[in-house]
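Listed after this line are the structures, all set down as structure tokens.
Consider the two complexes below, in which chain A is the common component and chain B and chain C are the respective partners.
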Partner chain A sequence: MEVDLVAITLISAVASAAVLLIATLGLAVVFGLMGVINLAHGEFIMLGAYAALLSTRAGLPFWAAIIVAVVLAAAFGAMVELLLIRRLYSRILDTMLATWGLSLVLYQAAVVVFGAVTPGLGFSFSSVNIGAYGISAYLLVLIAVAALLTAALYLLLTRTSYGVLARAAVQDPQMSAAIGIDAARINTATFALGSGLAGFAGAVLLPIVPATPGMGFAFVVKAFLGVVIAGPLALSGTVMAIGVLGALSNITASVWSAVFGDLLFFGATIALLRVFPQGISQSWRMKL
Partner chain B sequence: MPFERKSELLVRAMLRDAIRRMASGWRKNLICAALIGTTFLTVPPPARADDPIKIGSIFDLTGDLNIYGIQQSRGLHLAVDKINEDGGLLGRKVEIVESDAQSQQAKYTQYANTLLMRDHISALFAGLTSSAREAIRPIARRANIPYFYSSLYEGGACDKQTFVTGPSASQQLGVLIPWAIKTYGRRLFVMAPDYNFGTISTEWIRKYAADNQAEVIGTDILPLTVTDYSPTIQKIQQAKPDVVVALPVGANQTGFLEQFAAAGLKQKIGLVSTNYGSGNQQIALSVDAARGIAVSPEYVSSAKSPQNEAFKQAWQTKFQTTDPIIGPAVDVWNAALLWASAVKKAGTIDSDKVIAALESGLSLDSPNGAITLDARSHHLVQSIFIAKGNDKRDFDIIETHDRVGPAFEQKVCDLIAQPQLAKHFTSLNDAKSR
Partner chain C sequence: MSDCEVTDLSLPRRKRDALLAHRGFWIALLLVGALAAGASCVDSYLAYVATSWVIFGLLGLSLDLIWGRAGVLSLGQTAFFGIGGYLGSVAAINLAPLTGNTLICSGPVGSLAGACIAGLVGWLIFFGRMGALQATILTYTVTLIIWTSAVSFHATVGAAVIGGDNGLADIPPYVVEFGNMATPLGPNGMLACTILIAGGAYLLSASLMRSPFGLLVDCVRLNAEKTELLGYDTRKIQFLLFVLAGSIAGLAGALFGHWANYLTPSVFSVQEGLLVPIYVLVGGRGTLAGPFVGALLVGGLSFWLGGGVIGGQTTLVMGLGLMLLVLFVEGGVIGAVTSLFAKGNRLRALGTETEGEHRHPSLAALKHIARQDSDGSLEARAIVRRFGGITPVNGVSLTFQRGRVYCLIGPNGAGKSTFLRCCMGSHTLSEGEIMLAGKRATTWRTFERARAGLGVKMQTPQIFDELSVAQNLWVAAYQVERDRRAADRKVAAILSTIGLVARAQFRAGELSHGQQQWLDIGMVLCMSPAVIMLDEPAAGMTAVERAVLASMIRELATSAAVIVVEHDMDFVRSLEAETIVLHQGELFARGSIEELRRNEAVLDIYLGRRRHVRTT
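Take a look at the complex of A and B:
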């Protein structure tokens, strides 16, 4: 077995896991941390993608377009939280219904406003050679982005005062209120953070996943599975779940076919939940 | 809609219960009779001679496949506008009863049945995927209504009621594969979607490759939900082909072409397709990814002909868009105009007579050139172009092949000699046919 084939397979696997992780971190905050089942998560990703796409077509450089996408998605998330989610915090089924309806509305609105096919990015990225094999340089960039994003999120939620307040408001709302934390505003901010992360994902993945109204569907299922397996420690559990399963299913798809890759992902999910009913991080001792 | 029926039944049942409880004897009988009488209000009155002729349309206006469906629907609306402007059919206007299949297979069968039973349509224009066509074909057959399938596909559909105006694999691949082998080399790799169109087309590519002393050295058949193509790209790099034949269906598979270019493979490996561009995918791709992809469509939006200019003018005026028009839209337009000319020739909308008129060798001067409906195979003899993607999100025509017949379908399917045939022929069961 050639060395460069092994190398490219491993690097592709890590890149694939990184892409999935970037798309899932927003859900890890909203669902893993807050416990809100946001079925419109894919549509938030799509909103970020379109915001970034339109910004680049308006002349902004790509990094500025990403910032625009994050701000818009976070603002939209805050609005959704105030109008919709806030009234449904302890009602899981109703939250699912409401966010599912929101997802349908956003999807169809995107079809009506943007049409089924939108002109894509005007630029592309170079490739990098590993032995006889080429890989897009952008995929390597995304591996770094995923790592930095995870680290930044961890620091935000554990080392800043906002992070401590956010985790307190989620873990024990009544006690937090008793000691003077405004749980309602903190929760709005946390939901906006999760939405902003989804918007970031859509924007940053634009060079490899063209913006279409239905692009969110491709990520949503695996993102939810990843966060469910992750367990009580939203961040480290998600990183481990998505990292391992994403990489393994990519390698399986390379060796056999995409169908077997998906089978592995879903089969492993079932097996892991059988062994760890609360999620894989149920007995870990970490902060987040 | 079936929904109304259910709530109607529910209301009637509730009323019946209420009446049973409060009325008695002759009053109850009178009220029940009145209720039953109201059901006759739901039965449509017999059609009068100046009522519009209804035709049914089911396309994917939403969902992943709407990149094709919206334009197909527009093609039908434009054609019906033209028919009505030219005086209608048999003195009556034509009216479209439209349904949105939402890119879901089950909706096709549901709406086909609804349109036939509730709206009494005279002809059906529906379907993009081959799986949808195979689901509708038996329904149209049982109802004995002409059914027009207007999209490129893997070929071989043979049914008295079914008429195909999209190009078949034998037409497109028969032109594309020899060109690709001559231009790029003899080692082919196939990327195809995981349903009958993709798998059967792959078999056709193997056959045409073998006919031209070339070989398919690897394939990757992918479900429509995949967005991560790095496994496919690795397989391609391992196999080291001269040319990749890609058959991307839906918005997600457009990502394959972007990732193929991003991995730097376009310098070394040619990329050809029969269906890329049929959903305007070249608009969504970056210019680097779109440049140089060779396709073999039945229609190119930038083709210069008086019919095409008139067609584009009408389209842009009605729909207020300058996006390129895709092949399936023109296929639907052709289907509608062929049906209209058959109705005029038959002098009636009676299905048997219209089908006989459709089998009398109709021709049309279409935006994509001169087309003829082949009587025996129910497929079109039409032009096939070889075109390459350019830097302006459009295609340049390189070669034009006029009057390309559906060779395979003409060989296996003769619906005049064998009118009872109802089969989907593939290269795999070709040996057993005729």
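Take a look at the complex of A and C:
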């Protein structure tokens, strides 16, 4: 096998893991800091994608469209937290059911408003050549985006007072309530953060994943499984799980088919959960 | 209620309960028959549409079993439904020319297929000891993966052609006659036939849930750890129920194939799957009949408002509906109806305290309570348990023998509770061995140790809140006796021993803390344990009760080894026990309580005085 083929396969595997990581971080933050799984996460990504799409159509530059998407998704997330999630604290299965209902509402609303198919943006990105093969430069940009996003989240959750309070609130709710942490406000902020990250994902991935009502489904299987594998350490566990399995399943998918990529991810989840029932990060001694 | 006499307590009541239960069964049977007969009277288009409601009700039943009763939310019931539909239909297409009757081919194949897939998923979930959240995520991703792969799945099996997105066409209709002259059922016959099959599945499930197995399913939902401590393999109980639910979903799928005459991958879609919990929530979760009511209401509503159940804007309405149901509805239609009628039948509310019950406890039942197939010994050989950097149990070797009371004392954080948890198997050992009745039990699971005669009462009383006091005890006794009558007798005896005769039919969750302690102790006694571990049994008890408990423990020690963890030194003294002091995870001192009282070192660690307090 030629060196350039190996190189391009590896680079695209890493890029695909980066894409998946960008799409998963919001879910992981909400799960790690609230213990809640948002089954509508895929549709939050879709919202971000449409927000960015409409903003660029309205003439905004792409970076501004991303900001619009993040702000809108975060605001929507805060609203969902106030109206829905907050009423279901400590009823985790009901939370999943309710967000499942929300996911279908958002999906169907998008079908009604935007139609089942949307024309793409027609972004054109230069491609980078590696030997005989080319790869879109934007994918390389996304690898950097994923790394920066992870670093920024790490700093936000370890260095700011919000991050410290949020981690305290999830580790020991009673104690943190006793010392005066307003868990409800923290949770609204956390859910808004997770939703904002989903909106960011939808916007920043728009050039490679066109906005469609069902685009969320493409990510959620791996995102949910990745978060479950990750376990208690939302950030490092997710980066590890998504990084390794996302890359592996991309290689599998390019050799066989996308379904096999999903199946590999699924099989790996089962195998890992048998060894680490609480997720791979259960015994890691890190902050996050 | 007059059934306060000990021996007569549970039997007449049980008979009456059984009669009541059977009355319910006969009423349900009559109702199914009447509905099936009434199916011939309705308009034939309505009959055709209503058939699908009954099928969806059956699908809802499969979710209600596993979610309402076992507390595991499965979002994968449509996957079992679809697989059952596809495989059942493939069987019907190929075999119907031979048999004539199509249901006899598709029904068994469909339910077997559903059971197999559910068995695979359930095995991963329950034997992998996944949490509730992981289980839900897993079932959801299974559905999504099957949905996406079905779209591109092509196969030809005999005369059946599965064409990816186009699905599987030419599925024969409902035929119940045999031979090659058999004619399909008309819409009314189809509805009647579906009602009979679904009614049969309902009656079967309802009877099963009223059997000891059903009681155990409830126990696992209410308190899985305690159920396992009583000696039940909780994984197996949940797994079996999951397989049953899968087979019912598969059967529903097979019927759906005959009804629709074609299947597409959309049966696996999330839009379809969303409806299943809606049926359950509308009708009433945990009621088993609820999903049928829910499917009827939802189906009927969209029928008379126009538009099918699936597709169109109904997704929007259903999604909103699910959110509102989760937020605001509790108990569903059946819950609302039964709470109107059943007020008189509810378990009695808590009355005034009757302190006198413990004045003359009957300890006779304790004389030979321990099982004889165990020598009543427990041995810890240099056991170590580490959590990260902390070592709460560090090389403890202790032997406990039948015929003695042992007290485990030590300041907070000494490792007493962790030591108990290591013995009962909820913590695996980092090093060392546990021997139970001379056998190496280090790798045994909690329920295996319980079956070998280890009875444990944890620090906080662990009871099944929603069951009655008598049922709590009965579950504990049934594991040992494996016979309803024998378990009944044991419950009656233990009730008088623990002084809860008058409270036998109370909801256990309504008892006071001290009474819950007694109930938990009673459950341990029901297990006929050879080795008994009691973690702070006297907490929350009155002085009279403590005295009773102390004499009870001394009595128990004549046939079993009893290990008591206590903080109350007066209570420890009244036990006349060999006392063992743990300190910082290690064995610190042992002897009678009088000897230890004179031991300066023991006083040092209790009072936190300098000399013996190491800083770690």
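What we mean here is this: the second predicted complex is superposed on the first by the 281 of 288 C-alpha atoms of A that agree within 3 Å, B and C clash if a C-alpha of one lies under 4 Å from a C-alpha of the other, contacts with A are read in each partner's own complex, and residues count from 1 in each chain.
Keep in mind that, in the parts below, contacts are C-beta pairs under 8 Å (C-beta built on N, C-alpha and C of every residue); 3 or more make two chains touch, one makes a residue touch a chain.
The model shown is predicted, which means the values in this text are computed figures rather than measured ones.
Overlap between chain B and chain C is detected when the two structures are superposed via chain A.
Contacts of A:160 after superposition: neither chain B nor chain C is touched. When the two complexes are overlaid on their common chain A, residue A:108 makes contact with chain B and with chain C alike. Of the two partner chains, chain B and chain C are each touched by A:259. With both structures placed on the common chain, the touch criterion links A:273 to chain C but leaves chain B unconnected.
Of the two partner chains, neither chain B nor chain C is touched by A:171. Shared-chain residue A:19: touches chain B; no touch with chain C.
In the superposed pair of complexes, A:282 makes contact with neither chain B nor chain C.
With the contact threshold set out at the top, residues 107-108, 217, 257-259, 262 of chain A are in contact with chain B in one structure and with chain C in the other. Listing the residues of chain A that touch chain B in their complex gives 5, 8-9, 12, 15-16, 19, 107-108, 111, 115-127, 129, 132-136, 138-139, 207-212, 214-215, 217-219, 250, 253-254, 257-259, 261-262.
Those residues of chain A that touch chain C in the complex are listed here as 37, 39, 84, 87-88, 92-94, 96-98, 100-105, 107-109, 112, 217, 220-221, 224-225, 227-228, 257-259, 262-263, 266, 269-270, 273-274, 277-278, 283, 285.
Taken in their complex, chain B has these residues touching chain A: 62-64, 66-67, 70, 194, 220-223, 225-228, 230-232, 234-235, 237-238, 251-252, 254-255, 258-259, 261-265, 279-281, 283-289, 323, 393. Interface residues of chain C, counted against chain A in their complex, comprise 67, 73, 75, 124, 128-134, 136-138, 140-142, 144-145, 148-149, 152, 270-271, 274, 277, 313, 315-316, 318-323, 326-327, 388.
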